[in-house]
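In what follows, structures are represented as structure tokens.
You will see two complexes here that share chain A, one where it goes with chain B and one where it goes with chain C.
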Partner chain A sequence: MKKLLEVKNLSIRFETKKGVAHAVRDISFDVFEGETLGVVGESGCGKSITNMAILGLLPENAIVTADKLEFEGEDLLSLNDKSWQKIRGGKVGMIFQDPMSSLNPCYTVEYQLNEVLKIHRPELNKAQRTDKVLSLLRDVGIPAPKERLSAYPHELSGGMSQRVMIAMAIACDPKLLIADEPTTALDVTVQGQILDLLAGLQKSKGMSVIFVSHDLSVVRDITDKIQVMYAGEVIESGQTDKVITSPLHPYTKGLLDSIPSFNDDKSELFSIPGIVPDLLARPKGCQFAKRCFNRSEKCDEQWPKIEQREERTLRCFHPVS
Partner chain B sequence: MKKYLLDRLLQLIPTLIGISLFSFFIIRMVPGDPVLLMLGERGADPKIYLEMKQSLGLDKPVTTQYFTYMKNAITGDFGNSLVSKRPVTKEFFDRFPATLELGLCAIIFAILLGIPAGVIAATKRNTPVDYLLMGTSLVGFSMPIFWWGLILIIIFSVHLGLTPVSGRINVIYDVDALTGFMLIDSLNPSVLREEGLGPFISTIKHLLLPTIAMGTIPLAVVARMTRSSVLEVLRAPYIQTAKAKGQTYRKVIWVHAFRNALIPIVTVIGLLFGSIITGAILTETIFSWPGIGKWLVASIHARDYPVIQGGVLFIAMMIITINFLVDVIYTYVNPRIR
Partner chain C sequence: MSVLKVENLKTFYPVKGGKVVKAVNNLSFTLEENQTLGIVGESGCGKSTLAKTLMALEEKTAGSIFFGGKESAQMSLKERYQYIQMVFQDPLDSLNPRKKAWEIITDPMMINTNASKKECIKKASELMELVGLRTEQIYKYPHMFSGGQRQRLGIARSLVLNPKVLILDEPVSALDVSIQAQILNLLKKLQKEMKLSYIFISHDLSVVNYIADKTLVMYLGKVSEYGHNDQIFNSPYHPYTKTLLKSAHISSSNEIKEFPKLIDTELPSPLNPPSGCFFHTRCPVAKDECSKIIPPVEIKREREVSCLL
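Let's turn to the complex of A and B:
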């Protein structure tokens, strides 16, 4: 398999009035062709920011440094606006958390789908574009696509809107699809449908997917690899089934234990105590130490290095198993 | 849409009745007697005074006067001016195009400069460009029209000699008032044949300063409103989507952000038309503009009751109509309320 995206020691800082906030610190990962990577972690742990960096969409006060940030061998850090625009929506598609507000309320479904094609497939004429739009809407499972063309976003349900967003993201057959919490804002029933749709599209188009979620149970079924993030760091990563069945990092274990289950006879839900540290005042040692059930003095004093363990990476002094 | 139009038309009736009541009684509460003013300072023979009062119907109780007035108004008769003796309707519509022409120019001036200024300030937020634009607009907003008008006259007319001081067109030109809009009338083929482009250019020169004087406050309002509206919209997720599609920065701003930002701006522009009329009273007085503003001020001085009543009512009607048009435009700008 070919490497599609290579990220090595990526850090993202924000200069604020109160000081420098290290939103993402020293993260490394690869995405291979046709592979699905799940990124898991609590809100505010740097998942979305990492994705924004891959698309060059960070706010202007963000400072991005990396030893390597390459897509198809192309250095993303040195791209100009024009090259970015080719990647965005062309080679990399993206869908967002809240489909209802991610579509522009002033334009019809057809207009917004057409727009992507106009940007990245200028060789198509009007009739060809309409055909393509219709086939895209069919691909994402929208019933009666012809009638939906002239619909405005407010006339669509959340699930429909997300389908349109997906159609937009895959319109130009991207090599990589970034799905940033695509089901979080949806009903549970719709959530399942959208997950199935994404998994199906991934297979039929053979594209790579980065699937971001705060919910391990969502990521579990549709990803090959998982990367668990905490406070802007990758603390554990590896094959999905391995990570799920034998988590190494106490945080990963905590996340897995927090998933409610029907068969559980425990009366109370498990939750990890405490909150994510303030990015402006990071602890010296392990970022998770304060909340960890397995910590020692060493954890407070030293920052654990990322280490390789049988095809898995881990940033912890005291792994669980 | 039809039902909406009808609803709005029906709403017009109570509004107009309210305004007519208001203007009718308020002006009668103001000290000063129109008959005395007409007969002269020293006071006239009591007999003539009484006769005059009777002939004008001013001797009857105020409520009776109101009902007579409304009865005639429904048939389209708004009475005659006490001063000129001509029908109020005619007086009004002779002057209204002048005010409308100036008002439209002022609004267009405000929109053409205010919207780009606001968008630029928003996209260059917290930079010197933003501070300069918003600072200037604050100054513009704070300038009293009568003072600003005089400053403009002093600079452009007195010192630079570039623009005329008063009126709508140079007196050497004789242009028939076909539409009442000097910009259109001066391009009438027969005028063009006889005088060439001279009258048109003269009209523009005459419009220039009053437009700026009248349009400055609306300009500041539009610029500030546009800035905050665009800033608000730029934070919306669909802007992120547009960028993630690979759209150029310019199109993200003008196609995706601006279209949404326009919704509140249209509302504000509609409301500004109301303040334009207030502005007209001052601007027309300073630039001797023969419109309804100047006419109303004169009629208030003369306690010309029918003119004030009719004038206020017509202006109210115009503002309501314009706001109605804005509502119609609004439905085109905002698909969510269609």
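Let's turn to the complex of A and C:
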């Protein structure tokens, strides 16, 4: 398989009045062709900001450093605005969490889909664009697509809006699709349909997908690889089934144990004590040490390095055995 | 004796053009002391309207609500709020940003009793300790607390009048999983210590399976299936319950995993509900008669079901 995206030691920091906030610290991962990578972690752990870096959508005051940030061998860090346009929406598509607020309420579905094609497929004429828009709407399973063309976002339900967002994201046959919590705002019945749709599209178009979610049961079912993030670091990554069935990092184990299991066990849930560290005042050692059940003095003093262990990468001195 | 009994409750909203949205349509259930009733269903199925009606934030159209044997019509609002209280979904939106923690917690006390400020502060610190907050935080404002701590404040406020029943409307949906577990453990502990009864509204089936004793599945204002948790979750009867369990990716039963997909993903408009069984337009196993006959609520396999099949 070919390597599509390569990220090596990516760090993103913000200089604020109160000091420097390291939103993402030293993360490395690859995405291969046709593969699905799941990203999980609590709010504020750097999941979304990593995706923004891949899309060049970070705010101006963000300082990005990386040994490598390459898409299809092209260095993303040296791109100018014009070259970014080719990647964004062209080779990399993005689906956001809340479909209602990511569509422009003032324009029709047709206008918004057309816009993508106008920018990325200038060779198409008006009639060809309309045909393409209709076929996209059919691809994402919107019934009676012709009638939906003139609809405004408020006339669509949550599931329908998310389908339109997906149509926009796949309009230019991207090689990589980034789905940032695509089903969190949707009902569980709709969630199932959208996940099926994404899986089907991925197969038929041979896309790679980065799937960000806090819902571990969804990530387990649809991803090949998984990476667990905590306070802007990747603390464990590997094959999804391995990480889920035998987590090595105490944080991964804690996350899995705090979900009520679907059986008759009604005993007290495991809960991770405390809260995530303040990014402006990071602890010196392991970022998770304060909340960890397996820590030693070393964890408070030293920052654990990334290691390879049991076919996965891990940042921990005392893995769960 | 049941602490809460609801009989044929209806809450309708009139809309333009003489139409009516039947948000809660003929619901009946009972809640026993020290038990938890889970309420599940898609957005727009009437879960929150039910909560609001029980809290007298919406007026009921018909039916009766009994609080410990006493009908709601014979109770003053003050009496009612000492019996039933509510915890809201979004912990930040439901706390007044201009008030300090102790004021937020004891607001219901100041309105409904003649307690002095000193008594309020004392009560507030007791409650903060009970829900796992540090008592020196009583002079802090909501924005100075984390998400999980804010939800603890909301819970402390709901307990200040010593109610018997708490309505929890999606109390953990806005929280991260690790914090969600902390709050669920707290709710279980409080229930045991204070003999509370909960109505737990959620769209997360694994959470409801964990915390509730009985569950009521709602669809467009009506009951689909209502019974003990092991029946609803381990051997569901109604196709809608099966659909929910299948979509949530949690059940390991093959019957659920192989249950056919929904025909139509969209919830029908509550303004124009389908004829016959409301679910028949989406039901993958519907028969001809489902579009003609409104299924009665019957006892089938030890639970209440409204389905012709």
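What we mean here is this: the second predicted complex is superposed on the first by the 315 of 321 C-alpha atoms of A that agree within 3 Å, B and C clash if a C-alpha of one lies under 4 Å from a C-alpha of the other, contacts with A are read in each partner's own complex, and residues count from 1 in each chain.
Heads up, the rule we're going with is that a contact is a pair of C-beta atoms (placed from the backbone, for glycine too) under 8 Å apart; a residue touches a chain by one contact, two chains touch by 3 or more.
Predicted model only: the values in this text are computed from it and were never measured.
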{"item": "Combined model on chain A where chain B meets chain C, clash or fit", "value": "fit"}
{"item": "Which of chain B and chain C A:T189 touches, first, second, both or neither", "value": "second"}
{"item": "Touched partner set for A:M165, first chain B, second chain C, both or neither", "value": "first"}
{"item": "First (chain B), second (chain C), both or neither touched by A:A127", "value": "neither"}
{"item": "Which superposed partner A:M1 touches (first chain B, second chain C, both, neither)", "value": "neither"}
{"item": "Chain A as apex of chain B and chain C, Cα-centre angle in degrees (nearest 10)", "value": "80"}
{"item": "Touched partner set for A:A144, first chain B, second chain C, both or neither", "value": "neither"}
{"item": "Which of chain B and chain C A:A281 touches, first, second, both or neither", "value": "neither"}
{"item": "After fitting on chain A: smallest Cα gap, chain B-chain C, Å", "value": "13"}
{"item": "Touching residues (chain side chain A, partner chain C) in the complex", "value": "42-43, 157-160, 187-193, 196, 214, 216-218, 220-221, 254-255, 257-262, 264, 266, 268-273, 275"}
{"item": "Of all residues in chain C, those that touch chain A in their complex", "value": "42-43, 146, 148, 176-182, 184-185, 188, 203, 205-207, 209-211, 230, 233, 243-244, 246-252, 261-262, 265-267"}
{"item": "Chain A partner contacts - residues on chain B that touch it in the complex", "value": "236-238, 240-249, 256, 259-260, 333-336"}
{"item": "Contact set on chain A toward chain B in their complex", "value": "55, 57, 81, 84-90, 93-94, 96-98, 101-107, 115-116, 119-120, 152, 154, 165, 168-169"}
